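The next part holds the structures, each set out as structure tokens.
First subunit A sits with subunit B, and in the next complex the same chain sits with subunit C.
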Partner chain A sequence: MTGLELVLASALRLSVPLLFAALGEWIAERAGALNVSLEGMMLAAAFGGYVGAVATGSSALGLLCAAATGLSVALAQSGMSYRLTVDANVVGLTLNVLVLGLTSYLPAPTEPVDVPHLTVPGLSALPVVGGALFDQPWPAYLLLGLAPALWWVGYRTRWGLELRACGDGPRAADASGVDVPRRRRQAVLVCGAFAGLGGGYLAVAEVGLFNPNMTAGRGYLVLAAVIFGGWTLRGTLAGCLLFGAADAMRLALPALGYQFNPQLLLATPYLLALLTMTVLARRGHGPAALGVPFRRGLT
Partner chain B sequence: MTDRVARMRPAVPARLVTPLAYLASFTVTMTAVALLVELTGHSAAEVALTLYQGSFADLLSLGRVLDEATALLLVATGAVVCARAGMFNIGQEGQLVIGALAGAFVALRVPAPGWLAPVLTLGAAAAGGALWAGVAAALHYWRRVNVVIGTLLLIFLASQLVSFALNRDWLLQEATPAGQNRLPQSAVLPAAAHLPRWGRYPGIEVGAGALLAIGIAAATVVLLARSQWGFRLRLLGLNPVAARRSGVRAGLVGGGALLISGGCAGLAGGVVLAGDVHRMQGGIANNLGWEGLLVALVARHHPAAVVPVAVLFGALRAGAGFLASTGVPRYLVSVLTALIVIASTLPAAFAELRLRRRPGRSRS
Partner chain C sequence: MRSFGRPVRAARGAEAPDADAPAVQLQGLTKRFGPVLACADVSMTVLRGRIHGLLGQNGAGKTTLMRMLAGLVRPDAGRILVAGRPVTVTDPATATALGIAMVHQHFSLVGRLRVWENVALGGRGRLDSRWTRREIGRVADGYGLLVDPDRRVDELTTSERQRVELVKCLIRAPQVLILDEPTSTLTPPEARHLLSVLRRVVSDESRAVVLISHDLDELAHAADEVTVMRDGAVLARRSAAEVDVGELGRLMVGDQLPAAVAAPAGEPREQVRLRIRDAWATQARRPVLRGLDLRVRAGEIVGVAGVEGSGQGALADLLSSLLPLDRGNVEVDGNPVPPGRPGAMQRAGVGVVPEDRHVSGCVLDMSVAENLAMTDLGPVSRWGFVSRGRLRQRAEATIREFAIGGASPDTPLRLLSGGNQQRVVLARELGAAASVLVVAQPTRGLDAAAVEHVFARIGGLAAQGVAVLLISSDLADIRRLAHRIVVLHRGAVVGELTQATADPQRLGLLLGGRPE
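After this line comes the complex of A and B, so read on.
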């Protein structure tokens, strides 16, 4: 394997959990729900998915457990902030602390799990990109179906239109008969399931073990990716790939004999997200009501 | 029939509803934690006893609690000021490490006579934290960048900046003799820059930082309630439109609140650095920023209520260190902390839900 091939393969491998979670966070942010608890959803799902995979002996059931665990964190988030009216950021931060504490406190099994790779015959032997694109653990290929499906749901269905209306102009959406808190709850739940898949993929397919705090800020990285992508699905996914590549370079460059400033590489995603926001925020990109709680009758 | 009428009448007097709701909420929380402890094969009573022994049982532990509570109190006081102005700063963890970094830099590089050294160190720490929050404030008022997102992203930049400084010997990394492993930490601060501490080993130790934190908290209580600035700040937080109409400059008052909040977090970093750790390390924040924010939330943004809550959370942090020695993972305290926060927010949220469902009844 050449150095480039190695970096590419590892970039894609590191991006996959981010891509799953980013799909969910994108839909939640389009509905105006800034999900700080994404980190907690991913971490809880990593734990739940791994325990599920060990208990059932099946990686598919493990991923299903992961999605369910992510969903349950999302249920707490959506119930507290969009049914009750506790500030969504407060709930998110608290859930992150709770999940970090719980997953580190509860005893986890230590037996490694393995997920079969799906190797596309012929194509995986291609130079440079073959290993990266056509030889991944099978759940990674779910993205090929899920991403277009989510795009279609978000941009081509009534539900998606109403959902984006809740993020862009909740008052107008409410006036035209959309139940804003309900749409936001649904968006957060969808986000929880996707974040769950991402966290589960990380533990079950990528690492094969659960370590305390194994997501290590990936949820926040995904938040940055959605911002970096200017709240478009394409941009968000590109952001995830870019951030995965930055992470891969940080790991691979020293091994290949290049010296590069690791702190700068680690800081790049957040720096890029901040820069994107300074450029885009004023031009009206992105959901106007992102992170603004909605209450009927209040202006 | 009479039965139904009786049920419609409120069962408890109105003034007891709120305290009872909080009592119920905390009872459920404590029961849940006790169940969790028992289900994982430990003894809840033993955990409670250990937490008590590690915090309030003797004067030595009490000193430890005060140390932890000091930083939490500073962070939380800043968070309250900010939240009252209607800004939600969640980047205290980053502002705290930048404050400690700035403090360490000044303490190690700027020679100062005895009494001036700690003052300069703390001043630099506060300025560093304020600067870091100021970036978010500037982005908000200049480019309308969401404060929550801005302060959140800046946390991660801060930790990389600190890591950068601690791995460069021309910046802050400690000079070590050749052949020894180089650690990502600064040299020990000169003794002149250490904050004074009173009391000695078997008794209680009180650092100057604790007095400073109490002083700032008291000043905040008075200024928020009594001063013109406090009035403008609260007006801005409660109704930005009315505030603008009556001449409150949002950028000045709101941005100022964000700076104060960052300054307090930075000061907390400086106090931890100069009063306790005495050298800059990557893990110096140790979640103090996040937990200080939670303290402000549990105190429901009342500057006076912050003090007892900070002591409670300080006791939990001090007790957590003790807990690990009994074989119960210390992460239990994180679970407890998070559940306390949830328990403290739910009663008000349910009250609001009841109000929303019965709009005819007035707020009382």
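After this line comes the complex of A and C, so read on.
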């Protein structure tokens, strides 16, 4: 493998968990729900997914467990902040810390799991991109169906329209007869399932083990990717690929013989996220009511 | 199945909707918001085939009453009957199902969405853009309302938005259509067109329309019946035949104005301190000032009266440097001041006590002393550093003078009571006004003692030669303090009264937009 191939392959590999979670966070933010607990959802799901995969011996069932775990964290988030009205960010941060503590404390098995790769015959042998695009663990290919499906749901269905209205004009949506808190709860739940897939993929398909705090801030990177993408689905996914690539550079540069301070390298994706946010957040294309609680009757 | 709302539920039990019953009967509706009684035992009947005018000053409870019908506010007591059947309107979706549609005072469209998406919002079944566009075209053509279904609402003008709202309501074929002050932001031809559309709504299809307004002429011409509300209660009902505009004006304002308690302080001098010439401005794409002319002389207290949307808020914004003008100019003490440039008015000697003192007037987590010095650090600093000693000294003097209860200079503002927080902002701004003082809603949230004190201070400043502009929706304030009362309507001055010529009828007529 050449250096470029190596970097490309690992960039894509590292992006996959981000991409799953970003699909969910995108839909949640379009509904006006900012999920700081994304990190917690991913981490809990990494744990749940790995344990599930070991227990059942099936990576598919493991991923299903992961989605369910993400969903249960989302259930706590949505219940607390969109049923009761506890500040969503406070709930999110609390959940993150709680999940970090619990998953570090609970005993996890140590047996590695392995997920078969799906190799497209012929194409995977293409120079440069072949390995990156056509030789990945099979769950990665779910993205090819899920991303367009989610776009279609967001822009072509009534549910999606109502979600977007909840993010941009909750008061107007309410006056039109949309149940705003309910739509936001639903969006957070969908987000939980996607974040769960992302976390599960990380543990089950990518690493094959669970390590404490193995998501290491990937949830926050996804939050940054949504901002990077200007709240469009395409842009959000591009942001994930960019952050994935930055992560890949971090791994690849020393392997290619370049010497950098490893701690500094570790920080590059996050620095990049910070940089893009400061440059791009100013454009202010976010949903008008992102993170603003809604209650009928308050004018 | 695609539709624009939940289908009207089949009649409960044996009671079929009664075609002869009034479209809506409200019986004894009561709504309280904390200490405010917004609607007190209000009853009203809306007949089919009629335009029912609902008249009242700001805060009379008109919007609240109609929001109860539209499912946005739950009544504390009372009954609602639609087509003779008692109903509970729990939410807007239920209202739509019952055939009730409302065009809100502050529009309820989602700016980021396209017109057709907004119209489809709240509907049921598959989201079908082609069908929705076709239906929009059908309804829009039928009523002569021009809308482009593919534009984003953000890009539309006020009157275009209103047409979208109307189409959105009409496409649901409502039995009752409510419009909350629809004409207050329209130009006269646009308003006439709207009223002709409403006429068509009720005559073609024997539906009912409720038209909220405080424009007397408009109601006299367009409405078949008028209900007048004041302070949360219904005062009178009149049919078109018996409508007397003068009487309506008097009913709206109240039978007696409070007497001018004290003669306004001092005599105005000759020197003109504030002069606004032919001011035109738009805010959020709505025209808010349309040729406003105003002069305030030194030592003069001018009260600015007006209903919501008349331009009171815009005038305060203009003098706070928050509103640039499209045309016209502002002079303070004879010097032109660029409108809308941050801090320009303040530097020219204009002090403003804002209406929402809580939101824009102070920082709750900073101390009383800091809040007092916030806008002008000059007197408390030395060589560019704030001197803590002077800061405290000045704060202590102000606290004593304004009797700000429970405060030391270091108390965080948050710990003070609401009334005392207001005094802090008042004290600061009253102290800062060199040439012109603008006070918006001076008595809001103050107790009687505080009101007396503030009034005395305002009078004192006027006596020293400051020009005072008193912007208030409470006529009693204006009546008590002002030498002269200027009435705004649709962004311009419709008339002027002195203490001697201010009687309820004239004031009511002017507030309703009818110059003498």
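Assume the second predicted complex is superposed on the first by the 273 of 299 C-alpha atoms of A that agree within 3 Å, B and C clash if a C-alpha of one lies under 4 Å from a C-alpha of the other, contacts with A are read in each partner's own complex, and residues count from 1 in each chain.
Everything that follows uses one rule, which is that a contact is a pair of C-beta atoms (placed from the backbone, for glycine too) under 8 Å apart; a residue touches a chain by one contact, two chains touch by 3 or more.
The shown structure was predicted, so the numbers you read here are calculated from the model rather than taken from an experiment.
Once the two complexes are laid over each other on the shared chain, residue contacts for A:Leu93 go to subunit B alone; subunit C is not touched.
Contact with subunit B, but none with subunit C, is seen for A:Met80 once the two complexes are overlaid on the shared chain. Shared-chain residue A:Glu206: touches no atom of subunit B or subunit C.
Once chain A of one complex is fitted onto chain A of the other, the partner contacts of A:Asp247 are absent, as it touches neither subunit B nor subunit C.
Of the two partner chains, subunit B is the only one that A:Gln263 touches; subunit C does not reach it. Of the two partners subunit B and subunit C, it is B that touches the larger number of subunit A residues. In the superposition on chain A, A:Glu39 makes contact with neither subunit B nor subunit C. After overlaying the two complexes on the shared chain, residue contacts for A:Glu25 are found with neither subunit B nor subunit C. Interface residues of subunit C facing subunit A in the complex, by the touch rule stated above, are 5-6, 70, 72-73, 91-93, 95-96, 102, 104, 107-113, 117-118, 120-127, 168. Across the complex, subunit A meets subunit B through its residues 34, 36, 80, 83-87, 89-91, 93-95, 97-98, 100-102, 104-107, 212, 217, 220, 223-224, 227, 261, 263-264, 266-267, 269-271, 273-274, 277-279, 281-282, 290-291.
By the touch criterion given at the top, residues 36, 40, 88, 90, 139, 142-146, 148-150, 152-154, 156-157, 160-161, 163-164, 167, 290, 293-294, 297, 329, 331-339, 341-342, 345-346, 349-350, 352-353 of subunit B touch subunit A in their complex. Considering their complex, residues 156-158, 160-162, 164-165, 168-169, 171-179, 287-288, 296-297 of subunit A touch subunit C.
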